[in-house]
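Each chain carries a letter (A, B, C and D) given by its place in the written order, and its residues are counted from 1.
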Amino acid sequence: MSGDKLTQLKAQELACIKRDKLLFNDLALQVEPGEMLVVAGPNGVGKTSLLRILAGLSAPEDGAIFWNDVSIDNIDSTFRQDLIYIGHKLGFSINLTAIENLRFWMQQRGQVPSEQSIIEVLDELALVGMEDVLVRQMSAGQQRRVALARLWLTPAAIWILDEPLTALDKWGINLLQQKMISHVQAGGIIISTSHQHFAVDIPVRTLALEPNWL
Amino acid sequence: MTVFWSVFRRDWLLAFRQNAEFLQPVLFCLLVVTMFPLGIGPSPATLQKVGPGIIWVAALLSSLLALEKLFKQDFLDGSLEQLVLTPGSLPMLALAKVLVHWLVSTLPLLILSPVLALFLNLTWDMYWALLCTLVLGTPLMSLIGAIAVALTAGLNKGGTLLGLLLLPVYIPLLIFATSAVESASLGIPFTGQLAIIGAMLLFAIALTPYAVAYAIKVSQN
Amino acid sequence: MHFDSFAAFIDMGGYGFYVWTSFIVTFVGIYTLFIEQKWRKKQLKLAVVKENDRIQRIKKAKEKASQANSDE
Amino acid sequence: MWKWLHPYAKTEETYALCGRLYPWFLWPAIALLAVGTVWGLAFAPADYQQGDSFRIIYIHVPGAMLSMGLYAGMAILGFIGLVWQIRTCYMGIAAIAPVGAMMTFIALFTGAVWGKPMWGTWWVWDARLTSELILLFLYLGVIALYGAFDDKIQAGKAVAVMSLVGVINLPIIHYSVYWWNTLHQGATISKFDNPSISSDMLWPLLLNILGFGLVAGALACRRLQNEILTREMRRPWAQTLLLSNETGAK
């Protein structure tokens, strides 16, 4: 984990307009290493939009995001290399197997994929025997765990997780929470949307988005 | 380059996972060509006259059908947003996707083109010119088409909108390609038209990947 | 025998190319359908073996997990 | 329905039935085709008009006949399947369709190769050729439709309906194409219509027609067996069968 180097995410004056509706305006936030930020608020308030903006997927209407004081739009920014974003969608092709998907994911990240390491991670996520099944044939919880396998396979300083607990059972939630705790303790950053009660005390900050009905 | 090849391999695998669905646009093209003699009569002289135009229009229509699927599944399952976030170069990746798409859905059309030429009673010279224009023209179609497909990936409606966007853009290609075949039928050299299509293709290879990459980003907004 | 010599048989009165292409394509075509089915059955067998292997592995992993639970 | 139509008993029994029928189709087919083809190629007299090129008839006509016969067979299976809700019939359609498509392809290909020396061109928009081409598209449509569904029972129903639609449409297509062709006076070919054919020419043709039919039967059996096995892969009887017998025969 890249906890030894100073990593910090900063956003200034963010504004987001979706379907001609102003979701938020002049929003500033800063996340330090070893910290978790929970974005809270009622449905439709723009949690997912904010996360997508922070991940660099969609462009904010106004404002800028800095990763280690370099704008994430800057070509020199290491942000994409340091980021894992897991959204509502799986991010995996449903017509490929878990191994094929994860191998492709690692290649995209410049990692050299080894079948053995992928299988080990899948075993840890209780996906034994599911390695060569097409993702489309898996249950929702299994698909979710394949998507989350990215967190185990690829070291990254910042995780942006949109509703990471969706479709997971109690065992899976517990496993993911432990992984999140160890990530934060090692100096990583997590930005997430779901409130959780962690067994271990980790620094969690909450950013409450207010409905901005105009 | 590893980015390019890993995307290439992935898309190649995906194409063959889907029950040879990629052959459907080619069959569609064949059917469209079959409809014309039934519509205008089987007279060999007439068919020879209108043949090149028919084949090109059929190829344009079938490529529209095929292109529609270029980013659809990736958009739906979220692969596309992950690809946007990868450290690798997005234009390169777009180029790889278009290349695979051309190989699996348009190359069969080229292989089938002798049959089309026979159906429409083209002479050997005309067929040769037609093949040259198809080889240079269809990649151009895929590259330009990919921009519009990426732009409309997020929309639930696709088909007809894509046609509205793309068919006007394809007009120059159609004009030069059919004029090349006509020149060939008259025994006039058609290198001029080929050179123009070739130039357009080179231009497209250089520029469209960036446009497609931008369009993919727009689709994620 | 209709033909005088083997060469005449191959030549088919000048239509050799057409006659022989038709026959060869026809029988090769039918033969490929048989081969394809043989191949398909082989794939099926492999799939069943793989599937059983998978079930075994899942069983083993479950046993391991339940053992670990009882140890705690 | 009757007890023997019970779906679970049925597939297994159909599998066994196909296995028993297969050699009865295959070996006579090989024998008939060998005799018919050698007779037709080497011993039958040449046509006074077309010379030796007419020998293509020995595969062209069986191919064309089977292309239509198999489609009719598919439609009959589709009808039975839809009326009595038997899914083995749907599998049968899926098993026959590629064989029929291959026969149609053979008819078209040999027709083109025959046409080249006779009419000087590989292809003309003759009424019979055109309807044969449309038949090929109908077959390919059925195959594509079956492949498009994940749920193969649903796919089977769709294919059954489609083949019924096709079989009602086929005569209409054929006559409309015929009418279209005479209307246009484009390329009418009467050379194929050879009313009197000597018995020396006829016998090998009959042998080959029968041989082609049996080969198609053998292929359909084999395909149906594999289709059943694919679909019932997880049933114990299919598992023991696939794991135990290594030769693949029966």
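By definition in this document, a contact is a pair of C-beta atoms (placed from the backbone, for glycine too) under 8 Å apart; a residue touches a chain by one contact, two chains touch by 3 or more.
Model, not experiment: these values are computed from the prediction.
K.L.:
Quick check on this structure: which chain has its C-alpha centroid closest to the centroid of all protein C-alpha atoms?
P.N.:
B
K.L.:
Tell me, please, which two chains come out on top when C-beta pairs in contact are counted per chain pair.
P.N.:
The largest set of C-beta contacts joins the chains C-D.
K.L.:
Taking the mean of the CA coordinates per chain, how far is chain C from chain D in Å?
P.N.:
Result: the chain centres lie 20 Å from each other.
K.L.:
Could you give the separation in Å between the centres of chain B and chain D, each centre being the mean of its C-alpha atoms?
P.N.:
34
K.L.:
Averaged over CA atoms, how far is the centre of chain A from the centre of chain B? Could you give it in whole Å?
P.N.:
The mean C-alpha positions of chain A and chain B differ by 37 Å.
K.L.:
Give me the residue numbers in chain C that touch at least two other chains, ranges are fine.
P.N.:
If we look for residues of chain C contacting two or more partner chains, we find none.
K.L.:
Building nodes from the protein chains and edges from chain pairs that touch, which of line, ring, star, complete or other describes the result?
P.N.:
ring
K.L.:
Looking at the whole structure, which two-chain pairs count as touching?
P.N.:
Pairs flagged as touching, ordered by label: A-B, A-C, B-D, C-D.
K.L.:
How about chain D: which of its residues touch chain C in the complex?
P.N.:
37, 41-46, 51-53, 55-56, 59-60, 63, 98-99, 102, 105-106, 109-110, 113-114, 116-117, 215, 219, 222-223, 226, 229-230, 233-234, 238-239, 242-243, 248
K.L.:
For chain B, which residues count as touching chain D in their complex?
P.N.:
19-21, 24, 27, 30-31, 34, 37-38, 41-44, 47, 118-119, 121
K.L.:
Name, in rising order, each residue of chain C that touches chain A in their complex.
P.N.:
Listed in rising order, the residues of chain C that touch chain A are 50, 54-55, 57-58, 60-61, 65.
K.L.:
Report the residues of chain D in contact with chain B in the complex, numbered from low to high.
P.N.:
Against chain B, the touching part of chain D is residues 112, 121-126, 130, 133-134, 137, 140, 144, 147-148, 177, 180-181, 184, 186-187.
K.L.:
Help me check something: in the complex, which residues belonging to chain A touch chain C?
P.N.:
123, 126, 128-129, 132-133
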